[in-house]
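Scrolling down, you'll hit the structures one after another.
Across the two complexes that follow, chain A remains constant while its partner is chain B and subsequently chain C.
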Partner chain A sequence: MAIVKLRSTENLDRTKPPKSGKPKDMKFPGFFEAKTSNGITVLVIEDNRLPLVTSRFVFRSGAAEDFFCESKKPGLSSITSELLTKGTINRSATEIANEIDYLGASIGSGCNYDATFVSSYSLKKYFSRVFDIISDVILNPSFSDEEIERVRIQRLNSLLAMTDDGDYLAEKVFIREVYKDFPYELPIDGDEESVKSISRKDILLNYKKIFYPENLIVAFVGDITPDEAISKLNENFAGWENSGLEKTEFPETPSIKSQKVFLIEKKGAVQSSIKTGHLGIHRSHPDYIPVNVMNTLLGGFFTSRINKNLREVNGFTYGARSQFHCCKHSGDFSVMTEVKTDITADTLDEIIKEINDIKNKNVSAEELRDVKNYISGNFPMQLETPNEVATKAIGLKLYELDDDYYSTYLNKVNQLTKEDIRQAAEKYLHPGNLLISIAGDTKALSKSLKKFGDAEVTGDNI
Partner chain B sequence: MKKNKDYFYNAVKIDVENVLKHPIEFKEFTLSNGLHCILYKNNQLPVVNITLGYKVGSKDELPGKKGIAHLFEHLMFQGSKNVKKNEHFSYLMKSGGFCNAFTMQDSTIYFDNIPSNNIEIALWLESDRMNSLNLDEKNLENQKKVVIEEKKQRVDNSPYGSMLLNIFKYIFKGSGYESPIIGNVKDINSFTVSEAVKFHNDYYSPCNCVIVISGDINFENTEELLIKYFSGIRKKNQLNRKKNIIKKLRNSIDRTYYDNIQLPAVNLCYQLPKAGSKEEYTIEFITEILANNKSSRLYKNLVYKKKLLQSVNAVKYMLEDSGLFFLNALLNPGVSPENIKDEFLNALQEFADKGCTDEEFERIKNKLESKFTSRYLQIKNISLDAAQNYLYFRNVNRINEEINNYLSVTKNDIAESLNKYIISGKNITVTYLPKNS
Partner chain C sequence: MKSLGLKKVSENLTNDFPAIEYREYILKNGLKVVLCNTGNIPIAAVNTTYHTGSRDEIVGKTGLAHLIEHLMFEGSPNIPRGKFDEILAKNGGESNAYTTRDFTSYFISVPSSHLETAFWLDSDRLSGFGITNESLEIQKDVIIEEKLMYNDNSPYGSLDEEISKRLYDGTNYSWPVIGKMDDIRNMNLKDVEDFYNKHYTPSNTVISVTGDIEYERTIELIEKYYGEIFCSLNETKTEIYPKKITKETSAYIKDDIHLEGKFIFYQIPPAGTKEFYSFKILSGILSSGESSRFFQELEYKNNLVHEADSSAFSYEKSGVFMISAIALKGKDMQIIENKINGIIEDIISGNINDREFNKIINRLETRFSSRLQSIVGLSDRFSYLKTIHNDCSKINFEINDYLVLTKKDISDAAGKYLNQNQRIVLNYIPK
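Up next is the complex of A and B:
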């Protein structure tokens, strides 16, 4: 029913912004945690607002394992995880798809460098059935030759299609160079040569190295109690034994490289896709919070220095951002944007200027206050759905963070001083050591980027 | 674990009451200047979402001015009478918030997510830019450059980036939906400050807008704030909106484009009736039975069994005045696009001849139940759907009614829609081929 409000306020003073009200306290939601006798870490993030249950299986190893094969096998872990849902000793790929779709549920799998994920989502009333399928997929994958060949062809074609994307090309070369000789140097999705050579034997060994109970964190999310979760988990996983394989030892973190330009030809490019940066820090690094607050100011949100400069002042780009991408054993810092070919050099100059500025001068008190407010205000918005809470809870376990990490997070952010920010910039930004990776018109760029050093040019079939 | 096939196709029954156990309740009222207000209270987190929907989109643009609805959306962030350039974003963000906007064919949506203690700052900002823009030549030129780079990034430099634009061009020829939202560079560059001011006066008035506030509010205070900030805005729109006439396709057409891509793509496209028609619901079943999941007909046959495709999708795109249905395939190297078009036509004909199975029909209902149950965990989805349901249907309670509209579809309804709009309809085939082929 619509009713019309008749009052109006003619004499409102619009010239000044209204004052803030008192902020409300926000606690990081609690969650249940337990360990099974065979070593599975169990988390339950209960939320019964809606009759939905998600189960998220997270194994503490991923694509980094590809580096440790006898000869490096980029794409192996990712293909193994993709094949899980393509058939078990009890169900064919089609049967899995039919059963899951029929229940209006979904099931997915994949990996990053540090972890392998398998998850299911369904209405509560079908949870038990869906959980039986996801359990089967994890415990009894068949890795049939037919399915391996099918996934191989799909993967080769998708790798081919990805070369159309300038951002993908720039990122691939950047990652290869920044992590040279470290497990993160390899592309997670693989490359043509490796994907062609992966055998069923490779896949079985990879499965054995990743999928065992002690390596597993399971989060149950939504309309499910810890009792229900544990009893269902025990029903399907109590008999699962650890493989006894030794955990992979990581080599030492690579060092920061000297400045170098890498150009990748992208046919018909009307923009340069830029990714430039250097080695960063790992996720559980004690300086993670100051480094990330510093980066937010530099290029981590819309009103950051880099976006303001490149977009709002210069109109070079639709958007530009920087990030510290922090993985379990190492990490990288990079600035990313897309700009016209003929202003690529100007753009790099501005990026380097902004990095130098935040390194050499203290940020203003106002800037620091604003970014703290931004981070504090946006934090609760990341906890709206139980799955968002679960992502953070899983992160605590996966990256071995302190249990009180999220409950003390905002306090730590708000205690940072201008000096802390400058020190973080001083210590972790190296504008003289940038790896500059650009996909675009290499002929024009080779000339205009001369002042940044000689470029290594790659054709578009990397 | 044993496979138990018996339970499989007989034990599942839709439980409509379960989905509707908690209908979403709104409070609605209209200010005397015509601004329609919708409130939804949910105090789970100390956060509110404010969504403003203005009833203006790319379909309202005049010839020679294609792309200005979207460019104007950018200008809304460039300062108003009491807010300087860049300050809109910075006020929002330093208040712990986040904001953005998007332009569609039929409307333009602005949203702010902000801690509930700072709701008043967001309302001050939104009301100031509804009341009065403060534009200058320099800001306009800057945002023209940004939008042109946006076009390059999204369309020109992106693989298949122009595909949907070309589908619209032929399906909606002669209507307001023909031109792309992003527009063209010449028209964007021709936009002047005085035209921007006129655009604001014409379309950005309270009676052409709906505001939805969802989240951590109480009704009384929020009403007072809406009255405080918006009721003094006196602007009225005088526009004579031109009618968006959709022409039926007279002939089937094939168009081929050469792009910087590796894998060919084929799209088989049909015109549908507008949003809210029976087809909004019946065609949903057709999209899901044919594609979009691993148990669908085209996926099983063309991706899985015959290995002809990298992916296959069926898309239903509903607009205020019309609709679009298309099948889209990304082809494996060496596969002929004509062959895929034939496969598509055969699959549609077979569907028309034999209908769908009970299993398929139940599967889609289960999926819809699951989809509707999860959508309203996030207040921003509630705000967005409420705003659009008001703008296009003047019925916010569609949020609660939609699931029944879907679940009451019968197999017969599906067959009727399929025959009327697809089997007997003309089609447009848009094919993309690698430049070097």
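Up next is the complex of A and C:
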């Protein structure tokens, strides 16, 4: 029993929570959509509260293309996208940097498995000049040998530096194993062998496969009207032609693997970086919403079961989360945390217990109501800035979701029953098929994790 | 309801900058309040900042301020252990907190219809002490894992600890905010309660509320939940008098890393001074964007570094200018250091061109125009300005502190504070 010391005699009764009003309705903001004659999908999310404009170019293919090269080339798409801003046939890398920086603007590029991104951010008054540069970067990259070598050296050093991070090592092996023989198995940033071998020819072919008008979604965000956006886009992209290359066909989704332990030696580790899970679902899967509400309860936020167990009850960790990471063609489920070496086995036991619990027993009515309130209350927070709205609008197009997906989202969440949650857990959680990937002190872990099966042990040069 | 010190800012800074309107109040128990209605979407953010941090600790009890930050979520007179975040979540809200050397900030975001629940939860922590030994022991374990994760198990993770003890030797800035491992382990409930009683008082607190709020209704609610909390204790501020550095110190630290790192630190005047703004501009010239001097000289033209950066940051009583370089594998750190020294000497000699100076001003304009994006960030900024500078108008006018500066101010500041005998150099080398 806590001994409570109050500071003053107050008239206020603090024992009961105040009554709250009904949350105000928050509709998903409307946005402008059009298609150009050469097939570019255009979105405009107009918001003139601040004098800023973002342009976001999203091409509907990314690092998964690395898998389809004659021999697999992890890192290729990512290096191609990084090189875009490093020089065009009209401007050198330094000229691009000088002008963008002088205008107080920024440009960036990168990719994930499903998409390649190029974006600019600037004050409205400089938008036209910045847009001309980003257009040049997309249409006319030079991929000079000198810039390729520079990016190659930097990338090799990044790969080396990333092996200092246990979470990175655990994730890399987890992804490789969970998606084995599927395009998502390759590390987006690449590996040493592949990065060393990538040639200018590879890059040019990769560029051709990703960068063409029909593959492009452009979102204009902020202080810009649809008319302004369309006219600027036409000025720079109307003459851009489609390459006529066939779209890459994806293989069948991989199957769930049997349980296995992977240990990666992390020099000097005082903690284990744990990532454990199995195959999940793709983003446009019809069960996405029940699966995600179920996951929220399980490990999706601070007061979820896994964090409560591992942090608040046991004091094992600073934090633990679970997630369904859903990409366009497949997805995975995982639990992630960092704990001291000697409590790694206990931690895994608790994780498995929580997964079994949500699979075998209905959640309480109260727990379900609370999580619905949390998701409903938190939803407006995700629509705070026009760029957050744009991320969702782009997602609708990229993952081919229904147009009314976000306007009906909360309704669908609130209609879920205890049975829906249990079914989602029953169908999509497989505690007997966990791939357990841990970076840490492999010598100690090999012993303490014996009961989870034989371990495959590797160094950090994975 | 009484509200003193009402102040409203509505003048536009220039035609280009949208001004942020806000109101300030002081309650009769000394609690300071900043309210800012940003309308838009139906959420509100509450930031409660206590003007106490690790500098108010003593040797042997380091980490106490941060430990209390954890414990403030673990039970108060009317909210049992574990319920704070649960109640908040089922009302659609979220919370978090952080501790610095000088202050501790708690923030909550909720649907604006549930703002009163946020005040009820947050004010209960100020209304009395309700932390148990059980909570204390669990949170000590959690913090030990936090320290292992961020410091011991992270590359270059000991940097803050290694530099603070050298840069602020003999002062309460000399230990890391998270504290020393043994101190955390040995802390008892009385330590926690004494610190709480001394520093968690209304007059030591600023509350900033932003988002979809009505001014009258919100200040009424704050009066209701916080206005009647009185305590007679007076907190005393721990003064900090950093010793001037007059001789270069160099140290080598072995770490589980693959790439060598060099970190150079200088003491500079704190935030709010003309010199500090000068150093902010200097860090832009040195390292912001791919046209910056560091990127061009160290990375692009000479392929020496994987990353090179600089930054000016500040505690309440002292500022820090930091330069960092992570070498590409196999490159000679001495060559990198010589290049950095050359660039700093060039700046000190007054060699700054108009274009690079104006570039940073343009960048500031973009950043300043986007300062109203997140209500959580805005409430945090108001609390910081009120707590550390006692001046919320900086939210609209701080840009002026930059615009008055000249190229000469930058090179003068560098000439005064960035000499080699004024710095501490930490070299991280692979084990």
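Keep in mind that, in the parts below, the second predicted complex is superposed on the first by the 452 of 462 C-alpha atoms of A that agree within 3 Å, B and C clash if a C-alpha of one lies under 4 Å from a C-alpha of the other, contacts with A are read in each partner's own complex, and residues count from 1 in each chain.
Just so it is clear, a residue touches a chain if its C-beta (ideal position, glycine included) is under 8 Å from a C-beta of that chain, and two chains touch if they have at least 3 such contacts.
As the structure is a prediction and not an experimental result, all values here were calculated from the model.
Aligning the two structures on chain A places chain B and chain C in clashing positions.
Of the two partner chains, both chain B and chain C are touched by A:Asp101.
In the superposition on chain A, A:Asn236 makes contact with chain B only, not with chain C.
In the superposition on chain A, contact of A:Arg129 is made with chain B only, not with chain C.
Residue contacts after overlaying the shared chain place A:Ala161 against chain B and chain C alike.
With both structures placed on the common chain, the touch criterion links A:Asp370 to chain B and to chain C. By the touch criterion defined above, A:Leu139 reaches chain B but does not reach chain C. In the superposition on chain A, the residues of chain A contacted by chain B and by chain C overlap at 2, 4-8, 10, 12, 14-15, 17-18, 20-24, 26, 49-52, 93-94, 97-98, 100-105, 121-123, 150, 153-154, 157-158, 160-161, 163-166, 266-271, 301-303, 308, 311-313, 315-318, 338-340, 369-371, 373-374, 376-378, 380-381, 383-385. Residues 1-3, 7-9, 12, 15, 18, 28-33, 36, 44-47, 81-82, 85-86, 89-91, 93-98, 113-121, 124-125, 127-128, 131, 141-147, 149-150, 152-154, 156-159, 216, 223, 226-229, 231-232, 260-263, 293-296, 300, 304, 307, 310, 330, 332-333, 359, 362-363, 365-371, 373-374, 376-379, 435 of chain B are the ones that touch chain A when the two sit in their complex. In the complex of the two chains, the chain A residues touching chain C come out as 2, 4-8, 10-12, 14-15, 17-18, 20-24, 26, 49-52, 93-94, 96-98, 100-106, 121-123, 150, 153-154, 156-158, 160-161, 163-166, 266-271, 273, 301-303, 308, 311-318, 338-340, 369-371, 373-374, 376-378, 380-381, 383-385.
Residues 1-10, 12, 14-26, 49-52, 90-91, 93-94, 97-105, 121-123, 125-126, 129, 132, 135-136, 139-140, 150, 153-154, 157-158, 160-161, 163-166, 236, 266-271, 301-303, 308, 311-313, 315-318, 338-340, 369-371, 373-374, 376-378, 380-381, 383-385 of chain A are the ones that touch chain B when the two sit in their complex. On the side of chain C, the complex with chain A involves touching residues 16, 18, 40-43, 75, 77-78, 81-82, 85-87, 89-94, 109-114, 116-117, 120, 123-124, 126-132, 137-143, 145-146, 148-149, 152-155, 193, 212, 224-225, 228-231, 256-259, 288-292, 295-296, 299-300, 303, 306, 326, 328-329, 355, 358-359, 362-367, 369-370, 372-375, 431.
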